[in-house]
Structure formats: structure tokens, C-alpha cells
Amino acid sequence: MVCAIQIYEKPELSNPVLIEGLPGIGFVANISALHLIHELDAKLFAEITSSSFQDLAVTTEKGGTRSPINQLYYHKSRDGGRDLIIWYGNTQALTTFGQYELCGRVLDLAQELGCQYIITLGGFKKEQTTKKPQIYCAATDLETLKTPLNLGAKIMVGQIFGIAGITIGLAKLRNLKAFSLLVETTGTYPDAEAARQALTALTEFLNLKTDLTRLDLAAEKTKKILESFGLIRQEQEKKKEESPFRWFV
Amino acid sequence: MVCAIQIYEKPELSNPVLIEGLPGIGFVANISALHLIHELDAKLFAEITSSSFQDLAVTTEKGGTRSPINQLYYHKSRDGGRDLIIWYGNTQALTTFGQYELCGRVLDLAQELGCQYIITLGGFKKEQTTKKPQIYCAATDLETLKTPLNLGAKIMVGQIFGIAGITIGLAKLRNLKAFSLLVETTGTYPDAEAARQALTALTEFLNLKTDLTRLDLAAEKTKKILESFGLIRQEQEKKKEESPFRWFV
Amino acid sequence: MVCAIQIYEKPELSNPVLIEGLPGIGFVANISALHLIHELDAKLFAEITSSSFQDLAVTTEKGGTRSPINQLYYHKSRDGGRDLIIWYGNTQALTTFGQYELCGRVLDLAQELGCQYIITLGGFKKEQTTKKPQIYCAATDLETLKTPLNLGAKIMVGQIFGIAGITIGLAKLRNLKAFSLLVETTGTYPDAEAARQALTALTEFLNLKTDLTRLDLAAEKTKKILESFGLIRQEQEKKKEESPFRWFV
Amino acid sequence: MVCAIQIYEKPELSNPVLIEGLPGIGFVANISALHLIHELDAKLFAEITSSSFQDLAVTTEKGGTRSPINQLYYHKSRDGGRDLIIWYGNTQALTTFGQYELCGRVLDLAQELGCQYIITLGGFKKEQTTKKPQIYCAATDLETLKTPLNLGAKIMVGQIFGIAGITIGLAKLRNLKAFSLLVETTGTYPDAEAARQALTALTEFLNLKTDLTRLDLAAEKTKKILESFGLIRQEQEKKKEESPFRWFV
């Protein structure tokens, strides 16, 4: 299967922007996407599972279950902003193979819905950060780069890991425009402040009026979800559970 | 190939329940499934091999061989109980990729036979257990959860690893109902007592009259089979044999 | 691609026996197959490469190259023996996935040529061996097992690793007959004596008159080939070269 | 996807030679290919991305991005030389599976364009090298081997790792002619001197008049690109970042 996509609805969107918000450094993207979904009351239209996700389920407080999943939400513009596709999830894929596959499938679907513009979010790991964390940026091309620069971002120097990075690469190959907003963070906890900077820039670009006061809630919920999957913990512990025979005595 | 399925018969079943019984923590599911197959004289109708299983064969006492395999049995209700599909095997897949593939293929076949309800069994690892081990549960949805709660299970809090977990996740995505019964076990040996609890709840739900006195036999046989595959042993030993060149000098 | 098969000829064979002779413990199978190919002047009819083989080429003395490959040879009976397909190669696949894929493809082709009977060869690792190493056996079924028992083999107890093992398993699932001849060996060098025992039993069964005096040559050549691929060496050295970045500084 | 190829143009070439120039030992091939592309003003006609490449993007100095990619360029002969296809890239695949897949796809495309002759370049790691590093060679067959021998190369003894090696192997299986030029290098830095030897022999064979004075520029650029991908660094550092959870806290 690699990726299995369940499409609940194919929304008619006008030139939508795809916003990538999977868990990563400082969980900047993940918090931001979750907050946007809540604030905009964005609508779930597709779910993706992948054989490159963890093979487990976690329980919710009430005995329901949560599985490793990626989701696509859409938001139709109300007030002159742009239509959005929000790519949210509780995991990235565990292998590079799975990452490319996942990204390719999401881009396929986004393009089918008319998307030609992508913004990926992320954290930029620093030993120390300032009170108002700086935003860095990179883009598929220098023309597209002007946009994040105009939003106050500095030019990123370094590597952009994971989905945030390969999305830019695959976008370029598909002749799509994309830029990445990467906010300074120590990356050691779900960083609401970094997410605030990302969202401030993002909503300015998208012409969205979004209340950022409840960002702490999104950060708290993100922490809870990712803890339940064991994705926030010590490197040492991880190793043990990754053993292929972990379910045996 | 990934998964190769040999289907010997396509039974006509009435709204069957799929019961997952692969080896896992405390071998609770595996013992339970084996016992059910014996007691109900369930009929083998499909066998699955996967390129994500171990690449070996083990000998039986008489010089025959046993290979890593999953099997599907069916049981037609005789006395007002429900038709069953029992998913038995001597291994889970060795990689998450293989796990999802395996689970997806079994669900495909089960759905083709009209199955819309799944029960996964397993152990819930605890340092210590009581004389009558407690059952924990989780489900695809809160409505379905009522059933195991009514059977005396408590709400599970934590991660459900392997097939027992991803089956719940994939079931949800396919709009199927599923719950998991996870019995306390130290997980260090094939735990007949834990299996007894699982089967007591399961047979009550399924309205099956099943003799549980010979459960020790199923536990013993399970131990023998899994030992022959080297699946019950020290972590240290495993490492050595997983070397890709293990067959060379 | 996984496996790419180049078929040079589709020989018309009468109820042929497939003999598996890939490198493994003590290189018993590999030496035996090579010797048979030479003595019978068997004809190469197919070559298989796999993306699960090592990604390298090795040079021959004269500047030619040798790549990781599997080959199929055929031999038409001259004197009342049976037609043969000999499965020879300088490697097994590096992953279980690759092993199953490789085995499945070879069985597909063998079945297409009318083969319903398979013999896999191998070493059975012992700390010490006697002057005339004992042969052990296992089979898909107890009826087929009688044959190797009649040839003087004892019943094998334990695991049969790699292609020799999974071939038995996949054969069973395909309703083919197969048995395995596994000869005692310390497994620390290409063991001509063990190969002699395997070939003595094999040629008796196949009613082949084969000169075994030049077996040392086959053992020597086997050693040279596998050394050139680095498959006979210290565990420690292997690790270094398996690093995915081994070609970088 | 495994490999995704974007073909911008299908050039009409006359019996072209494919030159493999991916990063490897001493970056000999990579520097040589880059220099040829610049000097010949070769034209990019296809780009390949693979799910076996690293899952990241790196930034360029100006805020653009560079992704792991392979590229194919062509050069039409002007002065009696042969038409060329140059296979350039900033990475090889990270897994043997990916390597075979990548190589297979490039050979498919090259053959479609009429190519039947391949030259792979590389470094031959030595503890010490002389001022004018020696070239070694290997070939698909002894007839083809005469060519590099006539260019002053000695017969290579050993293993040819990665794409340079498997290309020879797959070429042989496809009935193509191929030889490998491997230049002595300590392999600890992008080795312009080794590249100079490779190019001197190569351009003599191809009857190309190419200025080699600016080779240092190609070496410098190669160093910069591969450093940005983190491919020139300490083994220890690599390990850390390859952790599947590297993007989490």
C-alpha cells in the first residue's frame, strides 16, 4: 500500500495555497497548522495512512484510539484571503522512502485541486533564541523568495530536514512555487512562541485575520498527542522499542 | 511479492467477526486463537506468506518443515453465535512496512467475505500481575467501546503495538468497527492465564460455549512453535542472526 | 526492478528437478552446484540480478568484471537420470524482502519449465565435525522426507536459514515437493568434504554418474569468487563498508 | 515513486557515450562530469529524484534551494568527437535498492536514446598517491578493456563500489559495452589532480579538445555543494542525523 488515501470530499478551490504542518523541530509547523484548523474551522477532506508510519495505535483518554495519520483540511476564503489546503498530521514517515512517497501523494492531490503554491513551516534549531524568535526562509526560486523576505524573514543557510525540505525540492521539479518559513527554536519542547512568529508572517501573507491568543492551547494539545505516540522522549528509549521483535518476550 | 495469499476456499459467512491472534506480548492473542481453532474445529481457508517474514524454515520433530506464515480459519455458527474468521500465525511482519501490508491484505479479504467487525487481542505489559489479570480495552469509536466495557474491561491508556494496534487504525479508516482486548501480563512467557481472561470475555461476547480447561495445551504448543522460530530468546542472540551476511563464514 | 531476469533460452525439460546451490554455511551448496555445472557441462539459460544484491562489481584477474548475480543452468538427462535445473550464484539477497522476491521469481520460472520437485543444499553448522560429515534432512512433507532418509540422511532439528529454508516453505505453499540436504560443517571455510557428502547423496538420488575427484577445484574457485566479493572475511570489516555513505570521504 | 524522472527534451543523438559522474571516492567522477558540462556547455535534458535520496533540501547562498538530484545532460559532437550523455548529480542513492533502481532507470533512458557504450569514473582509494596518479580500469569484456588499457590505464584489482560498479554489471546484462576509469586518490578531499587524469584519458578517447586549466574551480564547486548536503564530514556526525526521529525533540 505504502500510502493509502481516503478522500471524503474533493472541494472546489480557487488557486489554493498548500500549508505543510507536520511535526518537526520545535513542532512549529504542527502547532501552527493545528491552530489554523481550529481558528478557521477548516474542513477535513482526506486522510492518509502509510506503511512507513509507526505500527501502533495509541489510546485517547476515553478509550478511543488514535493512529499515525496525515490529514488534509481545506478552508474557503471569506474575506479576500486565499483558499487554503492545510496538511496536518501526528507524524512524518519513518524512512526517506516513506517521506518521498507521502510528499508525492499529497502534492498529486493538491495539484489536482488546482494548487500551485506551497508554504512549508518548520523550526530552525539554535542553541539559544531571542524573545522574538527570528524567521528564516528559503524558496524554490529567487522570485518566490521575495515574499518571505518582505515578511521580515532572513535568508536561511543550512539544511531543511524532512517533509519541509523535500516538499520544496519536489515542488521545484513539478514547476510549483514554494517557500519555507523556519523559526528559531531550541527545539526541545513544543514552541508556541516560534509558532506565533510563523503564524504572524503566514497570516499577513494570506490576508487572514486570525486570533493568536489561544496558541498555547494548540501547543499543549500538540504536546499531548505527540507524547502519546512516544515521539517526545529520550533517544535511548526509542532505540529499544524500534527492535523488530519488540512484541515478543 | 510482499504478501502472497493462497486462498483454498471462499466461505459464505454471515456478518462474520474477524479475530486477530498473532504472536505478541505474553502471546495472549496467539494462545487464544490457537485454542479457538482447536475447540471450534475451525477450517483453514487461506494462507499468507510475506517477504517481510523471517527468511528461514524450521523443522518439526518428524522432519517436516514449518515456515513463517499467517493463516485464516473460519467457523460457522452452530448455536446462535456469530460466524468467525480467525487470523492465526507464527509471526508478525519484521518491518512496519510489512505490518501495514499484511494487515491491509487481511482486511481486504475479510471485507470481501462480509466482515465489518474486528476484535484484536493482546497483552498489556505490567511489572506485576494479579491472580485474575485485568482486561483493558480500546476501540475505533466510543459506541463500539461500550461492548468491551460491558464485558468487564477497563479503558486502556497507552500504546497498542504491532498488528493489534494498526488493525484498529486501518479499521477506523475503512469505516469498520473494532475493539482490542488487552490482558495484563508480565509478558515473559506464553501466558495461559491471560489468554483465559481474553477468551472468557471473547466467548461471552460471541455467545460461544468453549471449554477452556485445555488452554495449557495451547500455551505449551505456542511456546514450542515460537521457540523453534527463535522468537522466544534473549535480545542479544537475536542481533547476531539478523546480520545480513549471517549465512556466510 | 527488484529482480531483473534475462532469459536466454527456454529449454524443453522433462519433469526437471531444481537444485538450489547459492552461497551459505560452509558454501556446501555453492561448491556442489558449481561442480555439477562443470561435470555435467550444464547450459546457462537465465541470469538474475536484484536490487537486493550488493551494489558493486569486482574485477577478475584479467580486468573483466563480475557482478552479484544468480544464474540458472539446465542439464538434459543422458543416461536415465532426471533433467536438472541448477540454481547457482555468487550471492543471496541482502534483505529478507529480497530473499523472498528472488526465490519467488526462480520458482515461477522453474514451474513454467515443468518443475515440481526441488532439492536445496546447505551446511549444518557444528562446532566439530567427523571425518565423514553426517547429512541431515527436512522436507515439505513426510512422504517426500522418505527419499533423503533412504539416502542415509538423519532428521534435521533446528532452523534452515536463507534461501535453502524459504524455498522449502514457498514450495509447500505452491504444492511442490522439496527436501533439503544439510551437511555437518564447521562453516569456517569452503568445505569440499561436506560438499562431497551432499553430492554423493544427490547424485545417487538423481542416478547421475559424476566424478567427484575434482571437487577441490570447485571449492577453490568458490573461495576465490566469494573472497573477491568480500563475503569471506571478518564481521568487523563488513560493518564499515555497509555504511550508506561509504563512497564519500 | 522510487525514481521520478522529469524529461525536458529527448535529444536526437548519434551513438552516444554515457559518462557516469556521481559523487564517490575522491569525488573524481563528480568533478570530471561537472567540468565537462561547463566546458562543453552541455544541455540539461532530464532530472531524476528518488525516494532513496536524502529527505532534505539545502539552501544556496541567495536563499534558493538545492535538493538531492541526478541530472542528465547531452552534448552533440562538433569536431569529430562522439555525442555524449553526461550523468551528473549531487548524490548517489542511500540504499542498494535505490542504487539499482536509479541505475536501471538511467540505462533505460540512455538506451532509448541509442546509447550502447558507457564509461564510469571513480576513485581508487590508496593510502598514498604519486604526483601523477595512476589510472586503473575494468570493463564488461576483454575486448572493451583494450580501450582503457591503450589509454594508459592498468588493470584494476578489487571492488568497484556504488553506481560506478553496478553500472558495469547491469550494462553487461543488457549487452552494452562499458568500462570504468578509476584514479588513485587518498579520497579524503575533492581531488582535482585525480580528476585531471581521468579527464585526460577520457577526452583522448572521446576526441574532445577540452581545457583542463579550470579544473580547480569544478573541484571547489563540488566541495561546496557536497558540504552543503553534509556529505563531506565526520562519520560520527552522520549517524546522529540519520535517526528516523531526527526531526523530533
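To keep things simple, chains are lettered A, B, C and D as they appear, and every chain counts its residues starting from 1.
FYI, a contact is a pair of C-beta atoms (placed from the backbone, for glycine too) under 8 Å apart; a residue touches a chain by one contact, two chains touch by 3 or more.
Predicted model only: the values in this text are computed from it and were never measured.
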Checklist entry - Expressed in ° and rounded to a multiple of 5, what is the rotation angle of the C-alpha superposition of chain C on chain D? => result 90
Checklist entry - Between copies chain A and chain D, are the contact residues mostly the same numbers or mostly different, with half as the line? => result different
Checklist entry - Once you find the CA centre of chain A and the CA centre of chain B, what distance in Å lies between them? => result 35
Checklist entry - Which chain C residues sit where two or more other chains touch them? => result 94
Checklist entry - Looking at which chains touch, is this a line, ring, star, complete or other? => result ring
Checklist outcome for this item: The residues of chain A that touch chain B in their complex are 1-2, 4, 6, 47, 49-59, 61-65, 67-69, 94, 228-230, 241, 243-249
Next on the checklist: If we count contacts the way the header does, which residues on chain A are in touch with chain D in the complex?
Outcome noted: 23-27, 92, 94-101, 104, 137-142, 145, 149, 155-163, 165-166, 168-170, 172-173, 180, 187-189, 226, 231-232, 235, 238, 242
